[in-house]
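Consider the two complexes below, in which chain A is the common component and chain B and chain C are the respective partners.
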Partner chain A sequence: MYYDAALKILGILGALFLLEAYALLVARQMRGIINLYAGHSALLAALAATVGYLTGSWYLYLVAALTVLFKVLAIPYTLKRVIHDTVLEKREIHFVFGMSGSLLIGGLLSLLAYFTSTALVFPGDTLARLLLPVGSAVALVGLFITVGRLEAVPQISGLLVMENGIILIAVVTAFGVPLIVEFGLFFDVLVGALLLGVLVMRLFAHTETTAAGSLRRLKG
Partner chain B sequence: MPESILAMPLAAAVIATLTDGFLAVLTVLVQVAALGFSLDIAWRVVAAGPLVGGWFYVDAVSALFLVTVAVVSCGAAVYSAGYVRSAHEGKPVTGWALRRYYVQFNLFTFAMLSIPLLNNLGLVWIALELTTLASVFLVGYEYTGRASEAAWKYLVLSFVGAMLGLWSLVLLYYAAVHAAGPGVGLDWPGLYGLAAGLAPRTVKVVLLLALIGYGTKAGLAPMHTWLPDAHGEAPSPVSALLSGAKTTVSFYVVLRFYFIAVRAIGAAAQHMMLFFGLLSVAVAAVFILQQRDYKRLLAYSTVEHIGIAGLGAAFGTPLAIFGMLFHLFNHAVTKSNLFYAAGNVLQKYRTREIAGVRGILRSAPFTGVVFLGATLAIVGLPPSGVFLSELSILIAGFRTYPAAAAVLLLLLALAFAGMVRPVAGMVFGPREGGVTETAVSGWSNLALGFNMLLVVLPGLLLLPWLSSLLRAAAAVFAGR
Partner chain C sequence: MGRGIPRKIRWNSFAVTYADFPKRGGILSSLLVANLLQVLVVMLFSPLLKGVTGRLKGVVQSRHGPSVWQPYFDLYKLFRKDEVISEDASWVFRAAPLFSFAVPILVTLLIPVLTSFPLTWAFMGDMLASGFILALGGFFATLAAMDTASPYGQMGSSRTRMVSFLAEPVLMCVFFVVSLVARSTIPYVVNKAWYLGGTDVIYPSHVLVVIAFFMVILAETGRLPVDNPEGHFELAMIDESKSLEYSGKALGLVKWGGYMKLFVLLTIFMNVLVTPWGLAAALTPAALALALGALWLKLFVGACVIVMIESSLAKLRLFRVGEFLGAAFVVSLLGLVTFFIGV
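What follows is the complex of A and B.
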């Protein structure tokens, strides 16, 4: 009975996880984007903890705790500290494919993820059947955020969302990767986010804009 | 033994945060010692088989890539000693800027040296991402708008590549857990042993993600676009490290995934690799032909050669695998030497336009000779090592995939024209005004000379010694 309830909760959390990726796809407020990412990571932590409860692997609680520590707290805090308010106060709305076009492509990518990843699920694997497509869809939407938005801050959020999706895949398919790998991975992502933030400020200092898509000097 | 190879650059990075005295010489010593230890490991692996212990697993393939990275790092350390003495308009780099350079330089080499040594593919992933993180600000070191832009592009695309690579790793682990139960690890020999039992459909997706993901860092098309920017804008010793060592060691990771896939799904894997290899060579040939900036020209040549190595892996016969591994070594030493020569030219002429450089042979004879010689070597003229390795790959190709080998031969001819014509224009001709009188540092010339020996020797003398290591490495991937 608890099992069924937990599965239902997982379904709801998974749906929210995907929805929030869409929200990030079209969000405009720079600071809001970072907060949305923190929320997205919190959902990931909840998903990992619930899977841990379902499968009885204490190890996933640790993954959930690390997710909260690194991605709900440390990375958003770092990004907000490193990127100055002059950049964060902006509302920038440049899309390669427009807002509705972006949502449409995001939806199509989710369908693609659904059909390719259900084919990968081994028979009898209920958890993976439920959440592997969600993880793949979030990863692809994250990739598309990086490609389809022109400003630096949303591009960073796209990379981080992509990572969240892949961690979800790791959680539901193999109940996480070995601990040392998990730790190193989160550390890499934290340092990566920090460096991205620093580079955003450098670009801003040189060009007075964070529209990375308008950088066109290096070609050919 | 692997511990000491890794401890030294790490210690040098720590020391570099504390002082800026003797950093250049210290780094040279550390890298020479690392090279010595690597050669010792290679020797023992050839004699007594894989070294297993703790987090490390060193078979002949690892040893080969370890030696390659160590050779390039060693050369780059020597060249750096010259670079920091006369980097910016003849003025030396000092103080915080110097420390920053050497902290990152040593961290970068630490991460690259650890990749072939590590056993666990997850740790390899982390080390590979660390190479990017450690080198981002080396790419943006000269702090211009262009350099920052190149660093941004490098970091974002590498991050995307790393994520796709992680995805591939996770799915591989999923397939392995289903093949062998939950106790399975992420160590390569274990996964390679399991390969035949992995679900083919999953392995196809794993390989596709690995080729695109790890291929991004290796410079395989279509995700190579960061490479000409980063390699073009970085300081020359860093370009040499990126082109010679980083792409090589990333390709090493591609190979680890690829040969698991070959064992699991056979020809389907080879066809995928064939596609990405040919695409890389073709894209590179097109861009080489229309290049106006000589450092970017060299960068596109790197894409080309990684593509050639990919084709060698795709052809898949023992000869092709031998040629592929040999080619990666030759490319690493030759391309890094070209970047050292290009660095000297940049210092003399203060321009990266091919059209702005004339008469290197007169203004800097030694640089001119090396630049021309290394160019002729990289396009595959004998007696260079590249000639031998390309020949092996082509012979193997005509026996397995003749159409692909014919296209490769055609593209090689195009790249030949695209490389030799501009370089000949730069090297020969009258000495024109506007050449600075700053002498090239002795350290830089030492790096040039040392590397030039390595460019030519494999084709003449070194091969008998190197080939025992190469044969042992090829045997690992042949599953024997």
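What follows is the complex of A and C.
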């Protein structure tokens, strides 16, 4: 009975996880994007904890705790500290494919993810059938965020979202990776986010814009 | 851990036989009375919903806000006043308020407001029909706005059409998902299916569909991210400008129709999709009173959510309405896809 309830919760959390990736795809406010990413990571932590409860691997609770520590708290804090308010106050108006176009392409990507990843699932593996498509759809949408947005901060968020999706895939298929790798991964992402934040500020100092997508034109 | 998620709920066949219906004072007549009672409830309480929303909004914005009875006072005032109608206006202009008043009542006949078992006209039409009947009211309001050749009316009505066109596919998609799960689009049957399914029916696709439908309700009733219900600046109005040319009793009818539309849509949302519990199972006064209380509780929750959204969001620019409803469409489409994948 608990098993069914936990699966149900996983389904709903998975739907919200995917939905929030879409919200990140079209969010305009830079600060809002960082907050949305924190929410996205909180959902990932909840998913990992529920999978841990479901499969009885205590180990995933640790993954959830690390996710909260690094991705819900540390990375958004770092990004907000490193990137100045002048950049964070901005809004992105122009997308490469427009907002509706981006949403439609995102929808098609999730269709692609569903059809390809359900073929990969071992028959009878309910958990993977439920969440593997979600994980790969989020990873694809994250990739698309880095392609379809021009500003630097959303592009960073795209990388981070893609990483969240991949972590979810790891959680549902292999129930996480060894602890040392996990730690390395989290520090990697944290330092990566820090570096990207610094690079955004360098870009801003040089060109007075953070529209990384139009750098080719700015080169002159 | 062999058991998977049931792909579809085991749906007990919902064969409606007259033996199931309570036998008090003749089968047909008691159902008929209950059906008309639902209409009466919608007519009487819809201004109160508007009043409660207005008052709640005042409280959230830390002012006193108008009384919850204010819409009733408004209607009373309007129904006592004289009308002014342009000489050049045709019958369409006179008929449109009646349409916008009658249309929500027609829909009320089809949906579960108080009872969980189908009433006399329950099988006259399904949820798609409800959507199209509501669209009929919008159609006549648009015609009437063009009839007087007032520029603001035409502008507003063309904008309303735009919002409705964009909302239509979302509504269809939502109803398709609902009908896939419940194997029917009759609101009573859907309600019963969710009710019998218990927590089994809370799927990812259900969550997504609920979100999409709520976005459509906000757009269709002229609520904030799409349209400001309190705005009276002619150039920015969407929904209000249709009634710009009306006065007196006709304006009262239009306004009352608008209140009822919000009430009916929110009732469908709550009773059919979100909380199918708390409806009367028998035609006794006590059960009906309890159902009315439960309905108010649900609508109050809905009003609180609407007020929260209205107090925290700004109105979208007109050309971003398409993006808002496009997002709703993608959400409902995801609901459809996740249903078929069997998540």
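Note that the second predicted complex is superposed on the first by the 216 of 220 C-alpha atoms of A that agree within 3 Å, B and C clash if a C-alpha of one lies under 4 Å from a C-alpha of the other, contacts with A are read in each partner's own complex, and residues count from 1 in each chain.
We adopt the following convention: contacts are C-beta pairs under 8 Å (C-beta built on N, C-alpha and C of every residue); 3 or more make two chains touch, one makes a residue touch a chain.
Bear in mind the structure is a predicted one, so any value in this text is a computation, not a measurement.
**Q** Which partner does A:Ala65 contact after superposing on A: first (chain B), second (chain C), both, neither?
**A** Neither partner.
**Q** For A:Ile12, using the defined touch cut-off, is the partner it touches chain B, chain C, both, or neither? Pick first, second, both or neither.
**A** second
**Q** Kindly classify A:Phe122 by the partners it touches after superposition: chain B alone (first), chain C alone (second), both, or neither?
**A** first
**Q** Return first, second, both or neither, reflecting whether A:Leu103 touches chain B, chain C, both chains, or no partner chain.
**A** second
**Q** What is the contact status of A:Leu179 with respect to chain B (first) and chain C (second): first, second, both, or neither?
**A** neither
**Q** Between chain B (first) and chain C (second), which, if any, makes contact with A:Leu112: first, second, both or neither?
**A** It touches nothing on chain B or chain C.
**Q** What's your read, chain B or chain C touching more residues of chain A?
**A** Looking at chain B versus chain C, the one contacting more residues of chain A is B.
**Q** Can you name the residues of chain B that touch chain A in the complex?
**A** Touching chain A from chain B are residues 120, 122-123, 125-126, 129-130, 132-133, 136-137, 140, 143-146, 148-153, 155-156, 159-160, 162-163, 166-167, 169-171, 173-174, 177-178, 182, 185-186, 199, 201-202, 205, 228-229, 232-233, 287, 290-291, 296.
**Q** Can you tell me which positions in chain C touch chain A when the two form their complex?
**A** Chain C residues touching chain A: 1-5, 199, 202-205, 207-208, 211, 320, 322-323, 326-327, 330-331, 333-334, 337-338, 341-343.
**Q** So in the complex, the part of chain A that touches chain B is made up of which residues?
**A** So the residues of chain A touching chain B come out as 116, 119-120, 122, 128, 139, 142-143, 146, 152, 155, 159, 162-163, 166, 169-170, 173-175, 177-178, 180-181, 184-185, 187-188, 191-192, 195-196, 199-200, 202-203, 206-207, 212, 215, 217-218, 220.
**Q** Applying the document's contact rule, which stretches of chain A touch chain C when the two form their complex?
**A** Per the stated touch rule, the residues are 3-5, 7-8, 11-12, 14-16, 18-19, 22, 26, 54, 99-100, 103-104, 106-107, 110-111, 114, 118, 124, 126-127, 129-130, 133-134.
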